[in-house]
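Each of the next two complexes has subunit A plus one more chain, namely subunit B in the first and subunit C in the second.
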Partner chain A sequence: MRKFIVRRVAYLILTYWAFITILFLIFRVTPGDPTTLYIPEGMSQAERQATLERYGLTDPLYVQYVDYLRMLLSGDLGTSYRYNAPVWDVLTTKFWNTIFLMAGAMTIAYTFGIAFGAYIGWLRGTAKEKYGMVLALIARSSPEFWIGIVLLSIFVFQLGWFPWGGIREIGAEAPASFFDRYVNWGFVYHLVLPVLTGAIYYMAQPILLMRSSMISVLNTDYIEIKKAEGLSNYTILYKHAARNSILPMVTVVALVAGLSVGGSLVIETVFSWPGMGREMVESVHHNDYPMAQGAFFLMGSVVIFMNFIADIAYAFLDPRVRYE
Partner chain B sequence: MSTNQSTITTATESARNSVATAYSKSRSILEGERLAQFGVIVLAVFIFAGLFAPFIVPHDPGKINHGEDGDVLRLAEPTAEHPFGTTHLGRDVMSQVMMGAQVSLIVGLTAAAIATVVGTSVALVAGYYGGKIDNILMRLVDIAYGLPFLPFVIALVFIFGSSLYNIILVISLLMWRSSARVIRSEVLTQKERPYVQSARAAGASDFRIMFRHILPNVLPLVVLYLTFGVAWAVIYEASIAFLGFGDPDMYSWGTILYEAYINGAIRYAWWWVIPPGVSIMLFVMSVFFIGRSLEKVTNPDLRHN
Partner chain C sequence: MLEISDLEVRYDTEHGEVHAVNGLSVDLAENETLGLVGESGCGKTTTAKSLIRLLESNCTIAGGSVELDGRDLTDLSLKELKREVRWSEISMIPQNAMNGFDPVYTVGEQIVEVVQAHESDTSKGEARERARELFEKLGIDGDRIDDYPHQFSGGMAQRAMVALALALDPKVILADEPTTALDVVIQDRLLDVIQDLQDEMDVAMLLITHDMSVVSERCDNIAVMYGGRIVEYADAETIIKSPRHPYTLGLRNSFPDITEDSQDLISIPGAPPTLVDPDEMCQFAPRCPFAEEECWEVAPEPVEYGDGHRVECHRADEVEYLRSEAEKHETWTELESTETDDELTETEVKND
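What follows is the complex of A and B.
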C-alpha cells in the first residue's frame, strides 16, 4: 500500500507539473502577439513597451517560465486588470462560492441518485424501472444551462418563488466574516435553484451506475440466501445488496466532483452566481488574462486533487489495484 | 507453417465472425428496444434537417422579417408564417433551429470520430506493448484528465478564435482520454488470448496484430464510445456556444440560446427559448437511447430476461 501511495504521489506531482506548464503555454505562447491579450486598446507604443517590461514579457521565454513557477510556488497569481487587485484576493471568495454550490449539488445528486439507482436496479424488468431509466436519461441529455433555463422560467418567472440569480439581495453588503456570509437563510434561498440544476444534471450518472452495479450484485448467490432466510425486501435491498453495490461509486464521486468544477462555468453563468467559473468566462471575454489564468489554475488544482483522492480511495477499497 | 497459417486464418476469421455475430446480435437486441427505435427516428429527422437545412428553411435565418405594416417583426409570437416566432431582430427562429441541426451533426460526428480514432490507437499501442510505452501513454491520459474540460476548451477557443473547426479540434483534444483509458483495459485482456499468440508465432507484425486481430475484438466497445462521444460533443459545443464562444457565422443551438438568454427572452419569448433547448435535448437523448442499447451488446449483464 505504501509503495502504491508513493507511486501515486509521484504521478500526482508529474501531472501537476504538466498542468502548470500547459497553463503557462496556453496563455503565453499563443499564435500572434501575447500583448494583444495583455494590453488594453488605445495604448501608445512606449506605454506598451513599458507594460511589457513591467510584466516581464520582454524576457526570454525560459526566464518567464521560471518566474512564473516561482510566483505560483509562492502563491502569487498576479494582478487582475479589471479589478486592479491581486487575483488571489478576488478569487478567494469566488472559490468558496463555487465550492459551496458544487458540493451542495454533488451531495444531493449522489444521495438521491444512489438511493434511486438501487431502487430501480431492484425493480429490474418492470415498467417502473423503464420510466426511471428514461427520466435519468432525459436528465443526462439536458446540458446544465438548459436545465437552469427551464428551472428559471418555471420557478422564477412563472411562480416567482425564488430570486432570478445572484448570491444575496441586490445591493446587500457582503458580510465580512466567512461564517456570516454562508450561514444565513438569504444565502440558502439564492442557492436552491443553482444547486438543483447541478443536482439534476449530475444525478443521472449515479442512478445508471448504481443500477447496473445492483444488477450484478443481485445475480449473486448470497442474495438468494438472504431471500431464503425470509428477510424483507427492504432489508435485503438497502442492507445487503446496496451496500455491496456502493463500492464503485466512491471513486466515481471523487472523479465527478473534480469534473463538476468545470461545469460550474455554465450553471454560474445562468444564475449570475459570483463563482470561479463565471469569473473565468467574464475574464476571458474582457481579456483579463491573469484572472482567467488564476481561475483556471484553481479549477485544475481541484480536478487533479480529486482525481488523486479517487485513485487512493479505489486502492483502499479494492486491494487488487495495489498490485497492478 | 501450414498449420500456423490456418490458425491465423481461423483467428482472423473468428474475429470477422465475431464482428458479424456482434452485428446480428445488436440487430436482434435493437429490435426489442422501443427507446432505441425512438432514437433512430428522431436522429433521422435531425440528419435530414441537417443535410437539407439550407434548401428547406422557410426563411433566410439571418434575414430581418417585416410585418404587413412594414415594421420589423420583433419577438413575434408563432404564426403559420413563422412557426417558432421571431427573435428581437425579427429573424425566423425555426430557420435558425433547422440550421442548428447542421452544426450539431458536424461537431458531434467529427469530434467523436477524431477522439475515438485517437483514443483507440493510444489504447491499442499502450495495451499491446505494455511496459514503458504503456506507462508514458497512461500518464498522458492522466494529464488530459487533470485539465478541467470547459475552462480548457474556452481558453483555447478564445485564443485560436471561435470557428467551428477550432471548436471541433479542441473538443477532440480532450475527449480522447476516456476511450483511451477504457479500451486499453479491454486490449490488456485480449492480448493474452491464444489468437494473439498464434498470430505472433506466425510472424504477423505488431501493427497487423493490433489493427487486424485485436481491433475487431474490441470494436463493440469502440462503437459504444463513438456513440456516447457524439452525445458529449454536442453537449460541449452547445455549452461553449451558450457561454458566448460559438462560431459567430453559424446558427448553433447553443448560440441561439445564448442570444435569447442575454436578451432576456426567458421572461417573455418562450418560442425563442424552447425550440433550440428541446432540440439539443432530443438530439442527445436519441443518441443516448441508441447507445444504451448498444451497451447491452457489450455487457450481457444489462439484458433483461
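What follows is the complex of A and C.
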C-alpha cells in the first residue's frame, strides 16, 4: 500500500508539471503575436510596448517560463487586466461561491443517485424499476436552464419561498471574512434553488451508471452464494452488491467533481450566481488572459488532485488494486 | 433424510413454459454422496437450486415436495427458509470458487459473516477460530483466512469455498460441477479432501456433473437425469456395470474409459429436448434407437429392479438385447439418418 501511494504521488507530480507547462504554452505560444490576442485594441505603439513590458511579455520564452513557475510556486497568479487586482483575490471569492454551489449539488446528486441507482438495479425487471428509470431519464433529458426555470417559476414566482437569484440580499455588501460570508441563513436561502437545479441535472448519470453496474454485479456467482447463505436482502444489497458496483463510480465521481469546479455557466446565469463559470467566459471575452489562465489553472489543479484521491480511494475500496 | 418427490419446476419464457424439472423423485441419505448426471440443460442446476428456492424471478416450483428430516421445505416461507435452511442445513459449492467469494472482503470475513448471521451468540473471535480450524482441516494455512479471494490459487479457492460451505455444519452440500474449472490432479485431490471431511462431519452431498468418470469413483448412488426426470437410479456400480436405460447406456458409451470392456467413444445423436410444454411421452424417444410406438405415446412409469435400482423405460425388461445393441456403433448412427427424415416431414407439415 505504501509503495502504491508513493508511486501515485510521483505520478501526481509528473502530471501536474505537464499540466502547468501545457497551460503556459497554450497561453503564450498561440499562433500569431500574443499581444494582438490579449491586449485591447486602440492602444498606441508606446502604450502597447509599455504594457507588454509591465506584464513581462517581451522577455524570451524560457525566461517567461521560469518566471511563471516561480510565480505559481509562490501562489501568485498575476494581475487581472480587467479588475486591476491580483487574480488570486478575485478568483478565490468566485471559487468558493462555485464550490458551495457545485459541492452541494454534486453531493446530493451522487449520494442520492448512487443509492437510488443501486435500488432500481436491485429491483431489475419490476414495475418499480421502470418508474425509476423514467424518472432518471426525465432528469437526464432536461436541460439545466429548463430545470432552473421550472424551479424558479414554482418556488419563486408562484410560492415566493426563495429569492430569484444572487448570492445575498440585493445591495448588501459582501462581508470581508469567509465565515461571515458563507455561514449564515441568508446565504443558504439563496443557495437552495441553484443547488437543487444542479442536483436534479447531475443525478441522472449516477443513477444510470450505478444501475447498470449493479445489474452486472447481481449476475455474479458470489451474489448467488450470499443469497444461498441466507443473508438478508439488505446485507446483500448494500454490503455486497452496492459495495462492488460502486467501484467504477469512483473514477467518474472524481472526474465530475474536478470539472464541476469550472462551475456551471448555465446555472450561474439563470440564478445570477457569481461563480467560476461566468467569470471564465467574461475573462476570455475581455481578453483578460491572466484571469483566464488562473481559472484554468485552478480547475486543472482540482481535476488532477481529485484523480489522485480517486486512485487512492479505489485502492482502499478494491483489494485487487491494492495488492497488484 | 432428504426426500424429493414429484418435484416440478418451471421457467416462464416467451416461448412457453419450460418444464426444467418434471416430476423428479429421489432420496438422499445421511452422509451419502449422490451423483446427478445428465447432459447440459437437463435440469441438474435447477433441481439443486430449487431445494433452497434459489430461483430466478421467472421460475416457480409448480408441484411436489422436498422433505428434509420430515419438514417440507416447499411449505416454508422465504424468511423461514433463509433463517433455518439456507446454509445451516443445505449449503453449496459453486462451479468456479474464485467467483464464489465477494472480491472486496477477505475469505475470513465472509466466513465470519455467515456464521454470525445464523448464530447470533457466536462472537467474531469464535467464528474466526472456526474459520481457521476449517482451513486447516482442508489443508490451508489458518493464517490465510485474512487473505482476499484473488490471493488464492484456483484449487485453494475451491478449498476455501468448501470451508465456507461447512462453516455451519450443514446436513447437505450441493456441489454443482465443483471441479470443472480445475485440472485433473487438483480436482482429484479436492474431491479426496471433501470425502474425508464428509465422513468426519457427517454431511451428505449432491454432486452434479456431466463427467461420468467422476461420479463413478466418488458416489454411493447415481441418478441419471434426462429431460427433467430421473430416468435411472441405482448404486454407482450398478449404473456403471449394468444399467438398463438406453440413455444411460448411451452416456456410458460416451465415456469409454469407465468400463474396461467397451472400446471407442460413441455419442448419442440428436439434441436434448427443449422442455417447452413437453408432450406426454418418453422424452428420450426422439433420440432412442429402441423407441417403439408406445414410447411416443405414454410416459414410462418407474419400475424397480431390486435393490433400489429404478428405471423409467418401457423396454427395460429387454435389458440383454438393449445392452448388446447399444454397444454397436450402427445402433446410434442409423438413428441419426432416420431422425433427420422425421424432422423434415415434421417441418413440411408445419409449413402447410
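To be clear about the criterion, the second predicted complex is superposed on the first by the 257 of 324 C-alpha atoms of A that agree within 3 Å, B and C clash if a C-alpha of one lies under 4 Å from a C-alpha of the other, contacts with A are read in each partner's own complex, and residues count from 1 in each chain.
Please note the rule applied: a contact is a pair of C-beta atoms (placed from the backbone, for glycine too) under 8 Å apart; a residue touches a chain by one contact, two chains touch by 3 or more.
Worth saying up front: this structure is predicted, and the values here are computed from it rather than measured.
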* Please work out whether A:Leu231 is in contact with subunit B alone, subunit C alone, both, or neither, and reply first, second, both or neither. => second
* For A:Gly198, is the partner it touches subunit B (first), subunit C (second), both, or none of the two (neither)? -> neither
* Have a look at where A:Ser142 lands relative to subunit B and subunit C in the superposition and call it first, second, both or neither. => first
* Touching A:Val281 in the superposition: subunit B (first), subunit C (second), both, neither? -> first
* For A:Ser216, select first, second, both or neither according to whether it touches subunit B, subunit C, the two together, or no partner. => first
* subunit B versus subunit C as contact partner of A:Gly165, first or second or both or neither -> neither
* For A:Val134, decide between first (touching subunit B), second (touching subunit C), both and neither. => first
* To do: Give one of first, second, both or neither to describe whether A:Arg243 is in contact with subunit B, with subunit C, with both, or with none.
  => second
* To do: In the overlay, answer first, second, both or neither for which of subunit B and subunit C A:Ile304 touches.
  => first
* Name the chain, either subunit B or subunit C, that contacts more residues of subunit A. => B
* To do: Identify the overlap between the subunit B-contacting and the subunit C-contacting residues of subunit A.
  => 125
* Please name which positions on subunit B make contact with subunit A in the complex. => 35, 139, 142-143, 145-152, 154-156, 158-160, 231, 235, 238-239, 242-245, 254, 257, 261, 266-267, 270, 273, 277, 280-282, 284-285, 288-289, 292, 299, 301-302, 304
* Structure fact -> Contacts from subunit C onto subunit A in the complex sit at residues 52, 54, 57, 81-83, 85-88, 91-92, 94-96, 99-104, 106, 113-114, 117-118, 148, 150-151, 164
* Under the touch definition given earlier, write down the residues of subunit A that touch subunit C in their complex. => 125, 220-222, 224-232, 235, 240, 243-244, 317-320, 323
* Where on subunit A is subunit B touching in the complex? -> 11, 14-16, 18-19, 22, 26-27, 30-31, 37, 124-125, 133-134, 137-138, 140-146, 149-150, 152-153, 157, 212, 215-216, 219, 258-259, 261-263, 265-266, 269-270, 277, 280-281, 284-285, 292, 295-296, 299-300, 302-304, 307
